[in-house]
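Note that subunit A is present in both complexes that follow, paired respectively with subunit B and with subunit C.
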Partner chain A sequence: MNDRSASASSRRLHFDWLNSLWPWLCAASVALSLLMLGALLTLLVVRGLGHFWPANLEQVTLNSGETFAGQTVREVALPQQEGDERLYFTGNQDIDGARWRWVAIEEIAERSHPVDLIRLERTPWGDFIGRLAAIEQADQRWEGEAAWRHLTTLLALPINQRPDSQLLLSTANGQTLRLPLTNVLSAQAPNAMAWWQKTHAWGEGVWRFLSEGPRAANTGGGVWPAIFGTVLMVILMSVMVTPFGVLAAIYLNEIAHQGRLTRFVRIGVRNLAGVPSIVYGVFGLGVFVYGIGGSIDEWFFSDTLPSPTFGTGGLLWASLTLALLTLPVVIVATEEGLARIPEAQREGAVALGATRLEMLTRIVLPMAAPAMLTGVILAIARAAGEVAPLMLVGVAKLAPQMPVDGEFPYLHLERKFMHLGYHLFDTAFHGEDVQAAIPLVYATALLLVLIVLVLNLTAIFLRHYLRRQRGSEC
Partner chain B sequence: MIPPRLTTPRQPLRLLKDRVATGLITAGGIGVLLAILAIGIFLVWETLPLLAIGDTLALAKLSPLAWGTLKAALAALLFAIPIALGAAIYSALFMSARLRTRIKPTLEMMEAIPGVVVGFIAGLILAPWVERHLASALALIIWLPLSAGLAGLAWQLTKARLRRRLPLSWAGLWLVPWLALMVALALWITPWIEQQWLGGDLRQLLDQRFGMDYATRNAMIVGIAMGFAVIPSIYSLAEDALSDVPTTLIEGAQALGASRWQALWRVALTAAGPGIFSAVMIGAGRAVGETMIVLMASGNTALFSASPFEGMRSMAAAIAIELPEAAPGGLTYHLLILAALVLFIFTFLVNTLAEVVRQRLRRRYRHMGGTS
Partner chain C sequence: MLAPLHSTNTSQAPVTHFADDRCCLSIDRFSLAYAGKTALRDLTLSVPRHRVTAFIGPSGCGKSTLLRAINRLHDLNESVAHSGHIALEGHDIHDPQMNVTELRRRVGMVFQTPNPFPMSIYENVAFGLRLQQRLPKRKRDDIIEWALTSAALWDEVKDRLHRSAWQLSGGQQQRLVIARTLAVQPDVLLLDEPASALDPISTLKIEELIRNLKSQLTLVLVTHNMQQAARVSDYTAFLHQGELVEYGPTDQVFTNPRLQRTENYITGRVT
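Up next, the complex of A and B:
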């Protein structure tokens, strides 16, 4: 008897002991999710921000006696062979015909970091890596160290005040080349820089990324037009979505008869938030662009007709589509805020003689304001990251004109615009030299994630604050 | 005593204003709701011409897309459901309350990461890496759950003092470095195993032995990337359902002699079952409609293939690629709008089902007397 119960309990113990591993699997899923999220964000931060750090330039001599200069990018195992190979960014596309070079590590005889290696950013051919031999300006000539000092003072001047001068450059393997100063955008001698100079250069690089337009098929320059387009589109969208979303929420919560139909409508609205964004894009293309836009063209812009004005994707249609897409978000958040307001507040106001309008504008809306704000911020966060519908209704790879300029009517709603998310997609997948564009894609992705995360965090804190405040009131 | 003045001279104006405003709000509200309804009407209207054509061949063009959509969604759910539900169970039932208030918003933040960013990482960084280290990637999938169990075993065997230092209720956090270590270990050791037993290259082996092609951007990559995007929505809803289970139920089960795990497994999970189901449904809806991730990570070739190492083309991706070039009114245009309609109806139905189940569940909990 004693024996049997002991064995049973030992079996039970064994069973429990195996079962007690399940919680660990569950805990590991939390840990794995955190790990993936952390890895993604770390990757974006490291690669996105690291790109702007002036990397050291290396002069490599191969076993064959050939020399070249470049920046190490990464090492990969050789296919079908022992050993590794290393990828160098060598620039000088006009001289070498290529910007990248794979070298097997075994073939490298010598590596050094000469202080006089420089890296120039130029407009037609991308980066130059080599040495500065001299600068010629009219009949003056600077050489060696003096030339470099003169170049930095010249580049500090604004572009239109730079004097006509010629740069005499030589590559690591001795080829020479003349370059007019007007083609040079910036110059660096990273091997000669101290860490604080590099930090300064890094800050400048980040700033130029944020404030300049893209260059050289998106492999250089910055994303300023895309930031501008995204922000403008989102502002237009929130101007449209806020009043209508709030109106619909007030109607649903305060005016409509709370019956079965209203409940169905409410569920329907909530579910629309789960409808794929591409469906909204299809709607925007069919109704706004082809339908309304086509009619506007026929009525008002018939003189330009074969080429459409409003009958093609543009800023207005994109922001309208996204407004429709984010409408459920605003309605749901506002309704939540309205439902949270105690009924006694409304009854009190009406009992004191307020009409419904007065009750709404003086009591209910001010109390629900933070909830509305939360809804709008969430809507903006969703819209800023949404790309799929924009591909149908008006985003452009490279918009020749900004949607806002000095020409009447200043805001051009029919123009196409650039968007951070689409810029990322296009650069990463349709670029000519994806290898060269990837660092900038990382930086763009980081920027996009930061914008969206900051917006979301704001909404979360706002909601948290709101709950605490309400909690003390009711 | 002055009697209250009931009618002021401005009273009619106030009433008129009120009337007008109410009318305006009603009109605006109904207008907005109609605009939303217009989406469905438009999609149906634009697919009607297809009926007139009555061409079944045209419909056959959609079937690889439908297959691609299903395959992508299934791959994503296969990856997401175990992780999301595991995380939900752990954070609703085991995690310390203080940690939970931090972890839950963090995981929900994952949902905010734009699809383009996930798609870029998956298509341009993860896909080439997995292609080069296929064996390591597959080994990780097997090794990570094992290593979690290993952590549990090791924990059971450690001294009580250390156990108090690293309690189970905080395991979600302190397992992170452990898992990172295990990932590093697996990555370090698999090339060696591949060299010893798999002839040096698993991809070649797959090709020769089983005739499986390997595409760089394939269903496995899409599954991981889209699973990553779907995890937070499943997690968040399932966690809500589980933590809303009245504590009296679990306590009652334990009082009747169930072990803690039995109480959780048999009682809490069963009670929250419908909620978990609706969470999975919503995740499925999201996976079916996600565009950018599939567009960037799947290779976009319309194939009928069940192999996890081959690509696909989903309906959403096809719409994004082809619709801007399709002539309005043409056959392709109507077909793509039919695809959009299918997506719309599917997600709408799935979400409605999930919502109804959730509301019913909430009523049942209230019935049981749980208020939390």
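Up next, the complex of A and C:
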């Protein structure tokens, strides 16, 4: 008897180290997860937002005597050699034939930051880096400092009011070119800027990224059409999914006989939430686009056939597909909210002479509202980040027209649209200029994260507000 | 339509019989089963108007089930079957012509745990009123004040009528629930262990309230607490395993029970 208890206690003693260790293991996994998330956000913020910072322009003279100007991008070790090499963004694609230049650090003889170096954003050919020699406007001519001041006043005017002028430019190695003012989008002299001017320019850059359309096959410009398309599609999706999801959850939880069939339906709904999203895309393509869309074209748009109107991917079909994809999320969240409401509340209402409908609308649904809201927000967050099914049912690399415009019926459900997630994918993998695309990819990714974050925060505050309205202040 | 009372009941429990003009609720050979399991067996008793009637008995004896049957709360549960009759003021409550929401307005119910709705105190009391009819605000305010006063809560809450009801203490919440029920002017108030979740002071307040309310309506009280039954009720029914064992004036049931089983239960001996 004594022996047995002694051996049992020694066996427990043996695992004593585990007793003191397990909280540390748990803490370590939390710390690791937080670290990874922190790293993700830091990477996106630094790489994404850093892109808009007007970095100093460098004039580099090589050992060979050659001179060029550019902006340092990064340094990497030379393959199979001692030393590093540095990547410069040099612009001037029309003159040099390339916008990027790798230089071994050993070859650099001299680096300087002359204040008269400027960077012009122009179209076509992308950025120009060099010096402004003069501006000619009719028979007038400005040179040097005066030319730069005149250029900034000209660029402050709206595009259609800018006078017809020519810019005389010279690169760091002395080549000259003439550029019409109409080709210039913006101009910067970062080496001459104080930090607060740079901050201002950075803010402007971020704003233009958010508010302008893409240029140069998605490797430049902004993402406004993609933001607009994403948000519009998500709104349409919520409008479709919310009533269906809520009504289905009410039926499952309040009306249906809680038997084997209901349980089966419930398991089915929960499993649908796990179906890969591309499968929904295939369904949307087969049923919505070719099936329903094709029929609509035959009945109402037969004069434009064979070019399809609704029989091709578009905003409506994309929203419908995503509504289907997120339906289980809304149903499950709403059902959980309904199930949490105490039976006493329902009985209290019924015992006062409320009918079942009155009990539902006056007690149960208001109490379940935060849960429904949670469901809808989860659905929105999921839909905002979904890319795979959209590629099949209506997203476009570059949509020629926005889905909302001044032309009747204002909202064009059949049009293709741009989407941030797909834009990210396209910029990263299908761009012609990978180096230029990298910072845009980070910036777009950051934007996607921020949109989802804002949506979730809205949900949390709304839920909190609804709770407080019931809990403390009525 | 009067439901006949079977005075020739063969059960060994003597039935206290009230004349029709004193009888509020009459329960006649009422049986009820949950999913095939009998919960109430052949109960016959009648509840007098403007008196407090207590149902006592061990857990699972069916006293709460009987109470819930009186305002047809079992309708929500599809696995419940019943036979026999319950009549309110002579009208069978299961009669197809009986409007069940009207029945529930006339037969108010207060539950074991306070269940105020997640709204203001005012809106809680107004809830039942709003279901019935549109009243001018002035009239509604008067009824709400009257109901809260009747439930001995007005003085405590008159300055914070528009605050959440969930901020009240447990005892106040229970009185609020009683006020909410009183506001629709029921004929009968069913109380299902109304004080079992409350502290002794709140319990005393509820008991006092029950005694005061019997001038206005008929009360039926389910309780586990013998002393409470003895303190507040005029009549006591002892139920055991779904059957009525003994029913009579409280004084008699507690001081001079007819049956040994009743005495054993009241004195705390295991039955």
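The criterion applied here is as follows: the second predicted complex is superposed on the first by the 422 of 474 C-alpha atoms of A that agree within 3 Å, B and C clash if a C-alpha of one lies under 4 Å from a C-alpha of the other, contacts with A are read in each partner's own complex, and residues count from 1 in each chain.
Going forward, contacts are C-beta pairs under 8 Å (C-beta built on N, C-alpha and C of every residue); 3 or more make two chains touch, one makes a residue touch a chain.
Everything numeric here is computed off the predicted structure, so don't read it as measured data.
> Should A:158 be classified as contacting the first partner (subunit B), the second (subunit C), both, or neither?
neither
> Look at A:452 in the shared chain and tell me whether it touches subunit B only, subunit C only, both, or neither; answer first, second, both or neither.
Once the two structures are laid over each other on A, A:452 reaches subunit B alone.
> Report for A:358: first if it touches subunit B alone, second if subunit C alone, otherwise both or neither.
both
> Using the superposition on chain A described above, determine whether A:438 touches subunit B (first), subunit C (second), both, or neither.
A:438: touches subunit B, not subunit C.
> Given the touch rule stated above, what does A:409 touch, subunit B (first), subunit C (second), both, or neither?
Neither partner.
> Should A:345 be classified as contacting the first partner (subunit B), the second (subunit C), both, or neither?
After superposing on A, A:345 lies in contact with subunit C but is clear of subunit B.
> On the A-aligned overlay, A:259 touches which partner chain: subunit B = first, subunit C = second, or both, or neither?
A:259 contacts neither subunit B nor subunit C.
> For A:367 in the superposed arrangement: first (subunit B), second (subunit C), both or neither?
second
> Classify the contacts of A:124 with the two partner chains as first (subunit B alone), second (subunit C alone), both, or neither.
A:124 contacts neither subunit B nor subunit C.
> Who touches more of subunit A, subunit B or subunit C?
B
> Residue by residue on subunit A, keep only those touching subunit B in one complex and subunit C in the other, then list them.
Shared contact residues on subunit A (touching subunit B in one complex, subunit C in the other): 355, 358.
> In their complex, what parts of subunit A are in touch with subunit B?
Listed in rising order, the residues are 16-17, 19-38, 40, 43-44, 76, 244-245, 247-248, 250-252, 254-256, 265, 267-272, 274-283, 285-287, 290, 313, 324, 327-328, 331, 355-358, 360, 381, 384-388, 391-392, 421-422, 424-425, 428-429, 434, 438, 441, 445, 448-449, 452-453, 456-457, 460.
> Contact residues on subunit A for subunit C in the complex?
Within the complex, subunit A contacts subunit C at residues 257, 342, 344-355, 358, 362-363, 366-367, 470-474.
> Could you pull out which subunit C residues touch subunit A in their complex?
Residues of subunit C touching subunit A: 71, 73, 76, 78, 101-102, 104-105, 108-109, 111, 113, 115-120, 123, 127-128, 131-132, 162-164, 166-167, 177, 180-181, 184.
> Under the definition above, what is the set of subunit B residues touching subunit A in their complex?
Subunit B residues touching subunit A: 14-15, 17-18, 21-22, 25-26, 28-30, 32-33, 35-36, 38-39, 42-43, 46, 82-87, 89-91, 94-95, 103, 105-107, 109-110, 112-121, 123-125, 132, 144-145, 147-149, 151-153, 155-156, 168, 171-173, 175-176, 178-180, 183, 228, 231, 235, 259, 261-262, 265, 282, 285-286, 288-292, 295-296, 316, 319-320, 323-324, 328, 336-337, 340, 343-344, 347-348, 350-352, 355-356.
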